[in-house]
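In what follows, structures are represented as structure tokens.
Same chain, two partners: subunit A is paired with subunit B first, then with subunit C.
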Partner chain A sequence: MSENEKLLVVKDLVTTFATPGGPLPAVGGVSFDLDQNETLGIVGESGSGKTVLSRTIMGLQPRTNVTVSGSALLNGFEVVGASERAKRQIWGTDVAMVFQDPMTSLNPVMRIGKQIDESLRVRHGMSRSSAKHRAIELLELVGIPSPQQRYSAYPGQLSGGMRQRVVIAIALAGSPKLLMADEPTTGLDVTIQAQILNLLDELKERLKMSVILVTHDLGVVATRTSRIIVMYAGRIVEMGTTRDVFQDHRMPYTRALLESSPKVASPSHTRLVTIPGRPPNLLKLAAGCSFAPRCAYATDRCRQERPELQPAGDPGHLFACWNPLPTTRGATPQ
Partner chain B sequence: MLRYVIRRLVMLLGIVFVISVGSFYLIHLLPGDPAVVILGTGATPQNKLILYKQLGLNRPIYEQYFTWIGNVLHGNMGTSFISQTSVASTIRAALPIDVELIVLSQILAFAAAIPLAMRSSRRPDGPLDRILGATSFTLLSVPSFIIIVLLVLFISIKLGIPHTGPSSYVTLSSDWIANLESLALPAFTLAIGSFVVYYRVLRSDLIATLQEEFITMARSKGISQRRIMWRHAFRPSSVALLGSAGVNIGGLLAGGFVVQYLLAIPGLGFTLINAINMSDYLLVQGIVLVVSVGVVLINFIFDFIINIVDPRISRE
Partner chain C sequence: MNELLEEVSLVERPEKNKPLGILFWVCVGWVALNVFGAIFANVLPLQNPLFENFSAVNAGPGLHHLFGTDDLGRDIFSRVVYGSRVSIAVGVGAMLIGFGIGAPLGMLAAYRRGRFDMVLTTVMYILLAFPAIIATIAVLSFWAPRGLAKIILVIGLASVPLVYRVIRTATMSIATKDYIIAAKVQGATDRRILVKELLPNVTPIGVSFLLIGVATVITLEGALAFLGLSVNPPTPSWGNMINEARTVMAQNPWLVIFPSLALCLFLLCLNFIGDRLRSHFDVTEVKL
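Take a look at the complex of A and B:
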């Protein structure tokens, strides 16, 4: 497949924050690509750099005290190094973001209808009435009951789940080709989480979008993504099809992540496995594999030399480990 | 919202009642006997009694209050014993000057504070922010009577701009340009004090608001920085600004007498000081009542505006 057909091509992307403690490499050299109409999962613990990565890809990192290098080619537009003015042209129309916490990502003193149709009026030059019409359509599309009345509600008058639907409606207003969903369900009740994820799935099919789903919850990505990227300390440590990552993972960290999430099949009162230790301090990264201090399989080599991504059996399945787990290909899936 | 407004209105009436009782009682706190003031020290007890009856001073104090407040509500605040003019007409002549001074000073203060706070909050600790921070802090510590004296020295005396010096007040109805000239220096002086407060309050609130996630969200819509500032950041950052404006404007009404007195501008503050000096108690009482009710009303209006600006407040 030629790179022209890819919606997104990311190469050696590095995002470094200037902090009082020195430069902090939140994203430390990430490369991947994304097809049209694909759903990609980015998984990792808090602080693994997944949120910073998703923002850097669309150029939405903070405007000060950050340096970005490498390349992120989004629908033919080079995001890295682009001016704010240039990026405004792709924001909303090529790429849009569903933010993490609907309690903080909506303007509390602006009616939700105005927040949805703002970009329609300002960017697409729609008249007040046709923008309002479209906003009500969008509210209906994301499953908000009585959208006519909700149009003039303030965010504080809606529940968390409804607010997240509004956030999605805002993201959809410009008909983006790529939707970034950064932990879209973290702030919500469990029952609402599934509703929001199903809504995203449905909208993706209906509107022919690509979706990048960023989460710490493997349960969220299991049935909804075609491929998964596992991140640790700002780098990709394993990447492959959802099936590969779940059933034929080679990186011990991936297995640890899988074991630490609850499973329906386990008997009740089964203790969840926790990963010993803590994610590393990005200000003081050691030379070797970042996961080595917490890894049961770590050797001296792991502590001295960082493993690069290497191909596993299946095409597109990559992992970064000196002592990978044995492949389960051919064996019966658990 | 309606319930909130009604609740505040009831509170407002309560406060105004307390103020009116206080102003009424003010006159009773004064030492001396009104009969002695009017009739002189040689008055006989019989004459005194007749006068008490004429003035209604023999009746219980609450009855006296209700008679008085009834008159006040009809616009009758009595006639000054000193100048023999009606207190209400004296106040009616002076109050518009205060209003004009306040309006002018607030236009100047807001016109400077809002754009400058928006600029400097975009780069906290940047060059502009540091310069404005130091300047506003310096201005904050210079009292208004120093500023007005320096302004008179340079603008009225050195540059010789007409109508700007002391005792050169021209009424609005006679010549509006000369009127503006005569109010320029006091309005500017009052504006400095307001500007410093507004600039500092709005700057710090804007800096906090710009950190919010909904600003990043607004950015991700691809709208201009200008629009993000005015439409998304300004409104949620203006609650403290409006609150301090309410207090500040009330303060100017009650305490703007320094510049008025120094330049002999016949507003309420100037009139009040003269009334105090001449022991014109009825006039003092009238001005205290009008100013206090004015301060309460201004704060009520600003509370109301804050509620419209930030609907979260009345909902909670």
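Take a look at the complex of A and C:
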């Protein structure tokens, strides 16, 4: 990892929703940072707060019933507390987003070319013809065949994979420094998933941007990220290089998550390992470790006192656990 | 080239919209004919709807008087055509006022949410709770002299909360879609999102409601005319023709039948078109 200036520095970020049942801390104090041209994976179950975290970093919250505290410094811009008008300056140019479902993230009544043009013309003051030229270039860049014709197609005329490419092209229009991809492949066929992920990877290298890949699928992040954050109940429970998280994880939750993803190597009809119990109700978080009720290693201490993130052996490898799994460092990886 | 074509067919899915059906186009034709008649009534070779021909009173349908004449010897066909002017003017005019005020407010409230939405929606719901027909009757009875413009204004204002509610709900279901958020994170301004992203998506729903709204307003005008609260006689409107014919219904039933038929068919067609369009656009929504 190079020691250049960090693109994103998140400190003690808390996002709380006001609900009829009381305040709901969807993100409960998260700190991490991101280098230029780095790919970071954020993984966790549904409801672990990974989507809220990514949207908070972008400054995308509902207009009401939400409070955000802490800090998210994106390329020198403090997102937390910034006005909508101010955030509009970083949206598209500093940070852009690829959405989960390409079926709903394109305007069905607008030609796809126009949807790419829009930001080029409005944000970058391009003329109609140069915006069109650039839009076709972008379509080509994301691997859409015969982009000239596709330019005037409606989203309904394209397949899911093609649409997701268009969504990526739109995101790239402002040459963002950070691309936030929230489950970018969940709405796609398995065969297309790999294509889209490879495309993101390739674009990241070519355009020298950073990517945050939010997913519940560890398979997605395994080969494409340099670092991984594992989230549970709105907090980071383990964080480290991809190698550390996969092969030297110390937090039982990370292991449980890894074990519950299917492996090609296992014989057919092997039952998938599941994590017993359910993610905790964020409205009634216990004092201790949120994973304690589902954890095989939980002790009384786990139930009473929340573990803070502590460094593991490798630099940058942190975990939050009172009874960490033994390190496998030095041992042969399984 | 072949390769290209193949790939095009792979990617491009043909539009598979269900055809609107022949009945739909028959209805469109009928509505168009009525509108045409209303606009060009004084150019068309029609008899004077106000001319009282006492030599042919209460005549039945025939060659000279297509629909017959009324108790004052006025030509009913001509009166029905002229009568459509009032009905259509009130229907379209009132809905334009209703949409002109209700639709922008509804879209804005649905997009902005928060306090603005809360206050506005509460006000609209209070207005909605007040029976519109009684309000219009009350206003029209006391606001003399009556005239077409006043009727259009009063009914138009009364329809604002209804339009507001429909457009707000429609916008809300679209405003939460990812492509709106996507436009936002591309740096689009609120105005741009409202005009370029939301409006085109709300329009189909708006248009189908507009048609059904026009039909409802025409019915309301008919009811007002029947109560003698619409345009003053002798200006014909479908409603006041039915009202006037009431007294001589036993002697000359044609007098009631033709304006009623004209009203019924026109409303039926409008409702059918509106309904058809709505389901048509709903299909597109699912097909996405």
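Methods note: the second predicted complex is superposed on the first by the 330 of 334 C-alpha atoms of A that agree within 3 Å, B and C clash if a C-alpha of one lies under 4 Å from a C-alpha of the other, contacts with A are read in each partner's own complex, and residues count from 1 in each chain.
FYI, contacts are C-beta pairs under 8 Å (C-beta built on N, C-alpha and C of every residue); 3 or more make two chains touch, one makes a residue touch a chain.
Note that the structure is predicted; figures quoted are calculated from it, not measured.
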Superposed partners subunit B and subunit C on subunit A - clash or fit: clash
Subunit B versus subunit C as contact partner of A:Asn198, first or second or both or neither: neither
First (subunit B), second (subunit C), both or neither touched by A:Ser159: second
Subunit B versus subunit C as contact partner of A:Ser146, first or second or both or neither: second
Overlap of subunit C and subunit B interfaces on subunit A (superposed complexes): 58, 60, 64, 88-89, 91-93, 96-97, 99-101, 104-110, 118-119, 122-123, 156-157, 167, 170, 173-174
Subunit A-touching residues of subunit B, taken from the complex the two chains share: 123, 212-214, 216-225, 227, 231-232, 235-236, 309-312, 315
Interface residues, subunit C side, partner subunit A - complex: 4, 7-8, 10-13, 15, 112-114, 177-179, 181-189, 192, 196-197, 200-201, 284, 287-288
Subunit C contact footprint on subunit A (complex, rising order): 58, 60, 62-64, 88-89, 91-93, 95-97, 99-101, 103-110, 118-119, 122-123, 145-146, 149, 153, 155-159, 162, 167, 170, 173-174
Subunit A residues within the subunit B interface of the complex: 58, 60, 64, 84, 87-93, 96-97, 99-101, 104-110, 118-119, 122-123, 154, 156-157, 167, 170, 173-174
